[in-house]
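Structures for review follow.
One chain, chain A, links the two complexes that follow: it is found with chain B in the first and with chain C in the second.
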Partner chain A sequence: MSTTHSGQTELLKMMEAACEDRLSAEQVVRLEELLTDSEKARKLYREYMLLHGMLYWDTAVGSETDAELSQTSSACTIPAATIPTTSPAPAGLKPSRILRSAWIAGLVSALAIIVGVFLSADPSSSSSDEVTANMSPELSADRETLAENQAETPAAERQPAKIQAIVAVDDTADLTPSQKPLQNANSNPAEKELQEIPAAGSSDPTILAYVNDELHSNWVANSITPSPVAEDSEWLRRVHLDLIGQIPTADEAAEFLASNDPRKREKVVDTLLQRPEFITNWSTIWANLMVGRNPDRDEYRTALTKYLRDSFRDNRPWDEMVAAVIAAEGSVQDNQASGFLLAHVNNQAVPATAIASRLFLGTNVQCTQCHDHPFNDSKQNQFWELNSFFKQTEKVVKRRRDPSTGNMLQTVSLVTKRDAEGPTFFENRQGRVQPAYPIYNGVKVDESAGTNRRQELARLLAAGEKPQIAEAFVNRTWKHFFGFGFTNPVDDMGPHNPPSHPELLDRLAREFVASGYDQKRLMRWICLSDAYGRTSRLTEQNQIDNPELGELPLFSRVYVKSMSAEQVYNSLLVATGVLGAQNGSWEEIEHQRSQWLQQFIHAYETEENNEDTHFSGTIAQALMLMNGEMIEEAISAKSPTFFGKLMNSKINDERKVEQLALSALTRYPTDREMSLIRKMVAQNVANSRNQKNAYTQSLQDVFWAYLNSSEFVLVH
Partner chain B sequence: MNDSENQQTQSGQSSATIPDAEFIKEFTRHQRPVFLFILSQISNPVEAEEILQETNLVIWNKFEQFEPGTNFKAWACQIARYEVLKWLDRHRRDKHYFSDDLMQQIAEESLEESTEWELRREALNHCLQKLNPEDLELVQIRYAPGQSGKGAAEVVGRPINSVYQSLGRIRRALMDCIRREVAAVESS
Partner chain C sequence: MNLPVPDGMNRRHFMRHMAAGATILPAMQFIDHVKANAQTVRKNQKACILLWMSGGPPTIDIWDLKPGSKNGGEFQPISTKGDMQISEHMPRTANVMDELSIVRSMSTREADHGRGRYFMHTSYVPNPTVIHPTFGSVVSYELADTRKDLEIPSFVSVSGNSMGPGYLGMGHAPFVVQSNGQIRNAGRSNETGRLGQRLAMLGEIESNFINSDRGDFPKAHQEVYQKAVNLMTSEQMQAFEVSQEPDQIKQMYGVTGGAGGMGMGANRFGEGCLLARRLVESGVPFVEVDMGGWDLHNDVFNTLRDQRLPQLDQAMSALVADLKQRGLLEHTVIVWMGEFGRTPRINQNVGRDHWAASWSSVIGGGGLKGGQAIGATDKDGIGIESQSYVPGNIWATVAHALGIPLDTVHTSKRGRPMKIANGQPPIAELIG
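Up next, the complex of A and B:
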């Protein structure tokens, strides 16, 4: 079986090279051999070349397709910021240090094979694709098999999806075919009106049952069987990463794996929600979203992070948090929540408008700023109407001399100028200047002086039975846990991009409002749902559930995510035990972290204050990170770290290896790993004069290899 | 073979008659399939286009030999086959290509499959629209006239290998998507 896989991977790789005209003469010979031998290979080759040719012909030479293509792409002029760039190697890192020795290289790849096979589901991001390509051919081979199986699935099995597509045609006749989603069988709006909408405010078990039923009936409608329930180790690792942003320790893992308590998962979720790392994790996530990591805005980020930490610590209702940042006044010293707007009121508050809309309302208005969005109803007007709420807002800089030191101090404050009145003006696409009044969701606020527009906006955002901020938050939170939201992307909701499970989203949003915007409760519903408890692996029976390929998600499994840079950093600290060995205040730890992370941040000089991280969760990058001094220190046998303590403990060799696997990967070593490691360690010790040293070094290398595996950097 | 081919070409050119509208229609309609047929053997679209131009010249000169009502595509592809072989004769010195036998086999199999190409093209249109905007843009940049993967990397300002990786991933995703679309149509 494996020869077919690697054969196909090899074939694909060579065809990719052929398309870019960079096949070596030897590769041509090899390709020729493969194609001559196998009819199947030739078929794949012809298919690939056909695709290559069609892309070339239709794009370069031009045909009717061209018009359609350019229409799609001009829907929203893609800002340069969305094209991810890859990080340059951190300065001072010689490539030779990336792998410590040939031996370790061997072990890394040997383990990558074993470890790689474990992850049969495809990683859910483009970057993880590169992981598979770089490090673990078997992983991509699995991918290919999946793709192949998918292609070979008898057509009859996929029939339901097709039927749904037809149903969708009737539902959304005004959309072009490509935009027609596979909708739930029961998502007909007319039908929905007939059904009684249950009053929100249900108990947790009722809500959980609803979530489970809703997803389940959708699986039945699509004739798929969900992936099996996740192994305890997979689930434990995932829920730790999702809720507190780091992996469990070896002890936590061992305890959980050994427990027979039928309610142990529920207990873990409840414990994690109370952990201090929960506060750090979520305040970091939202600080990244709201302000970003651009060092120019560091002051605002630091202040806002403190506000967020307080908020997550107190489980402050989401609507209050939104209102606080939208209506904030004063300097970051007076009011930490002002960090958000202070970072973005530049450029006539265009960034503030765009980012607030994306984050809080889940709508992407960047595209509508300069021109009408061809695909959705939101008009240029709406952008400027929202923008009009920020018309009175100004950033005022005050300088004063610190009497004790004599240094000049600068304070920047958000000030609402109450004498500003009337509409804002913008130039429409025809070049005419148009007025925009402060209108949100059809409600116009008094535009005369004396009205505090931002306070009015804060009020309007939370008005009504199911405010958009609730739906947007539910969608984003769901995505955080499952890897995909009800819409993709989560911040471009609207009639042009209907959700995969409209009723579930609607109900969760209502329940979220009824709960008093209780974020922890929402997370609890998600984490304890049947679907979240399943493995990320695709099976034969749910292959169509692959939103990676553009289909709507069915949540019959949890999709694989790449770790964020923060998750890698924190997890490394946990796995290596550096965290326990570290002293210092939250500020100091935070400072170290942000210094380390800064190398991955790329701030784009755009008018919308966009930025992106270079961190793409690839092994190659992780390797570079891990060769840093921090890790050298962290796995040194002398330091008071996890590894150092393990080496000094009296447990036998196999136990030690078990501990290493548990600590890095939250699971025990597989039999194959164990025998491979045993052999390698024995060999290594036998070939060395200093046996004790060789032994320590070997186990160090085993640990290293585990930390370097693709299994480590993926959230699965 | 080359000589007789050239002679035919010469004699074709000396003829004064002009192809009729029907022929021109067939000719135009088959530009795309003939190109795809050539590309199945050559893999480099720019080279394939050169061969297409040479093929067109021959088709144009030999139009009288085409019997209306017979299969234009088969006829044109046969000419293209010769042009590919001629082209290879000239270029085998600079670059390694497949053996004639393998090319012949691929060419035959391609032609057999060519009835499905229209379906696949429609599927591709669908699948392109399912790409995320970044990926779609990358594809458009890569396949813009005269562009290559390397050039695309310069345009987007990303390291060349990462662009190759992305393009490989996108092409694989498109291929999977086309397969599914085609299977869905065929089963209906």
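Up next, the complex of A and C:
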């Protein structure tokens, strides 16, 4: 399925001609041949047409808002003959903007296509499918409701600009026969047209190849060369921080750097996925997201963290975890998963509604509490319809005396109101009270008293072939590793914010569902992808891949992230050499950590239960790393610390310095660093009356400097 | 007063190491700052104090009462020293309203906490492709040249996070402190002499990483370390020591137990205002003080009467009077605002919900004209019956008062020119 270089040149020439309306009949036939023969050619063709659609779009509409872009280069021009327009032709466009308005561009590209070859699975169609999916879910359990719902939606709206597939492609050739039936069983009429969408449930190598191919063809289309493969030290450090929330130890680093095993990266990923720190890391991440670090909600957080720890330990499927926290009843003693809703059913369950929507569905509906969404079709009533699943749940406080101690004990439980039935009510902008029925994604659940609404919601959230919870989770997880998701931000997905790689996101979400919501497998696909293995350095050849500047990410490198406060805390413990050797239960250790974290957390005193940190890159962080107790401990020469043991060991000075660099930065010192350190130590020792002391202090200063570097506090 | 140069630290020593590194080291300025003189009070330096009402205050019950309207609520207006009436639960502030003006026709359209917080702080609506600086960062950036001898951060946020510096860089991020001014981990080490050596080492490691094409963070990191070192070694740190204030001043602000709150406990917002005055007095050009607890969807009147308004009244009036008495008020702009106002209509829980269409903010000092009510809402507080204003108008007015030219343009990371205060004009009635 590969395209030779000369084939590609020919293709490019022909596509150019096609866009300029000067393609002869023979050339049309030839183009058709090329496209039929090669998957790569088809991809290139799609990207190319998309670019031209985009250019047209920018000229007609976008040039006003992005004036600075049209001043840059003059790479491509669309002749007026091809696309009738009254606006002036665009002067140029940064290639990275290709996918910016992919769905609109797709529509335009459909206009631009003048040859008789039409392809299925254009990015535009899957993007519009997303719109469709949001409006009319495919829910096998509720066929009738679905039918009603679809009847309300005009057909034209549901399937905008569907491009007919006349080139039949079997991308599923590499699937085992047992996987194939899945495709048919789950496919719906719309998908039968899209033959190119493969059945989910592929093997890991197939998925990895797909991820790599998809990103690669996008790099080609954007004329960039990805950053080189990351050096082992960079990659090892990053994958540790991302998967287990802490840097590797000096020993782990040395062993990995020395290994010649060609599969060593894969082995590290598989080992890390089984480490106990993996459980701590991911339960912390999700406890922060679900409950936050506000001490007022500590009881709920602690309980939920226990639930999350068990879940990550057992690699519990994500849909089950979502269902458990959404449908939880009782107190944290009865059910630890109740911690999430206990923290958020205040204020008419508005926080529960908004936070569940952001975290599990990747959609930001906060503003629709008060009014319709400014940028998409979400309406105010949709917020309150989702809210209607939660609003009849109350927190009930019970007090009883502990018979053994005589102390009063208090339990807070989630209880569904006894008379819970019918609609709930909200006030619209005009101050009129309106009913809201429990409706999710167009499906209304029985509103009578016997229905457990939250259980119904939990069921609906996981219903269908590619539930939104899967796409939202994939997007968020991808961002965790790469620093940017397919949408920015990850929790405001929707037609107003199209993803950078719609096909890839779609496929990963389907595969994630087919895997049984296996989080570890998803992380494995990401960590072993070609792109994740590359350096975070920008090169001359991919300067445009800079989402920090608002460009869509191309993932031709891994973006630099700031360590979270927890990552710094854990990494300092690793460098101190005491992580895992601390006294006390995990609860006590957790408590110490949360005490320390409080200095960087600010909880907003609003009814939305939000919080914020002021950590990354702040003066407060610098002061903590320069003078804090943790750093003092890390560079303490008293024996149980890594540093103390190193000072007592018999290895020579240079080996000691190497160990310090490995421990803090997962790399060996550069030659320049080494020679500077050598000089400094020699000078200090020579100038001091207490030479041993001067020697120790000098190396302490070296370790201090390594731990205070930006290289330390960044995940790069 | 000169600080002694610690043992083992001399300029030549550093210069030698720095010659090896490619970048200018923090250590170099560090020496300069150790030697710098502690500063005396700077009376003529311009500054701004933002009183940030986190959660969205019900301004219809504070600054723009509607007696006789169904939306009027439980409070009555009282006369003030200025040309306007305010809530009966703000009696002390009423006495200083000749110094402050109320802008009663704010119309800001963002009624979500996060979006409102962003819009009011930056003058721009949120946009995923560019992160705008909060106005404290703009002031820090613009007035940096006039505060070369300032060794403590030029933008301090008390009791809250404010917003980020956006494209102006982490060097202009807010320095977040608690209202008691205590700063963790800033205690001067008894081994100051080694700091120079450590920083020299750090500079060497950083130069390597800064040049590795990994974006702006490593450079910003260096800038932030510079500021942290300045702060650690500065006599100006005393500005944070609220506890040094005389008792009568503390009482005035309610620090030692004052109005509002259960059992008349300490007024943390008052303490924050006192800290703000100390910081401004020491030359800090922008201080934000956060007061939370305004998200009053329920039981708005009791909460206002018993808790919020007594605390606000005491602290705000003390701040104005104290600045005035010290001759600082004419150089110091005070701005009072939150994310948005609250619904004129009283909801079923005797609360008020989010409302951005018509609400008030307060501004004064810094040579601006006080005692006025600018703009007006209709009799029910729903519509605006005058010209309406957005945050850009407020910040342009502040810029004017601080002497920051209104045609100042910054450049976003993507190279897009960004006007300060979103290019809005200042409010004419205030600047006269």
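By definition in this document, the second predicted complex is superposed on the first by the 508 of 716 C-alpha atoms of A that agree within 3 Å, B and C clash if a C-alpha of one lies under 4 Å from a C-alpha of the other, contacts with A are read in each partner's own complex, and residues count from 1 in each chain.
Quick note on the criterion: contacts are C-beta pairs under 8 Å (C-beta built on N, C-alpha and C of every residue); 3 or more make two chains touch, one makes a residue touch a chain.
None of the values given here were measured: they were computed from a predicted structure.
*Asks:* Taking the superposition on A as described, I'd like to know which of chain B and chain C A:R46 touches: first, second, both or neither.
*Replies:* first
*Asks:* Identify the partner contact of A:S710: answer first if only chain B is touched, second if only chain C is, both if each is, neither if none is.
*Replies:* In the superposition, A:S710 contacts chain C only.
*Asks:* First (chain B), second (chain C), both or neither: which does A:R672 touch?
*Replies:* second
*Asks:* Could you tell me if A:V29 is touching chain B, chain C, both of them or neither one (first, second, both, neither)?
*Replies:* It touches chain B, and chain C stays clear.
*Asks:* With both complexes overlaid on chain A, does A:S536 touch chain B (first), chain C (second), both or neither?
*Replies:* Only chain C; A:S536 stays clear of chain B.
*Asks:* Now for A:L549: first (chain B), second (chain C), both, or neither, which partner does it touch?
*Replies:* Touch partners of A:L549: chain B and chain C.
*Asks:* Which chain A residues are contacted by chain C in one complex and by chain B in the other?
*Replies:* Residues 68, 548-550 of chain A touch both chain B and chain C.
*Asks:* Considering the complex alone, what residue numbers of chain A touch chain B?
*Replies:* Residues 12-13, 16, 18-21, 25, 28-29, 31-32, 35-36, 42-43, 45-61, 63, 65, 68-69, 72-73, 75-76, 78, 82-86, 126, 129-130, 133, 147, 150-151, 153, 155-156, 158-159, 161-162, 177-179, 548-550 of chain A touch chain B in their complex.
*Asks:* Using the touch definition from the top, list the residues of chain C that touch chain A in their complex.
*Replies:* 8, 17, 20, 54-56, 111-115, 128-130, 153, 160-161, 170, 173-176, 183-187, 189, 194, 197-202, 204-206, 208-210, 212-215, 217-218, 220-222, 224-225, 227-229, 231-232, 292-295, 297, 345, 347-348, 353-354, 413-416
*Asks:* Contact residues on chain B for chain A in the complex?
*Replies:* Going by the criterion above, the answer is residues 32, 35-36, 39-40, 43-45, 48-49, 96-99, 101-102, 105-106, 109-110, 113, 117, 120-121, 124-131, 133-140, 142-150, 156-159, 162, 164-169, 171-180, 183-184, 186-188.
*Asks:* In the complex formed with chain C, which residues of chain A make contact?
*Replies:* 68, 347, 366-367, 369-371, 427, 431, 488-489, 492, 497, 536-539, 548-550, 560, 562, 599, 602, 604-608, 610, 612, 614, 617-624, 626-628, 670, 672-673, 676-677, 680, 684, 687, 697-698, 701-702, 704-706, 708-711, 713-714, 716
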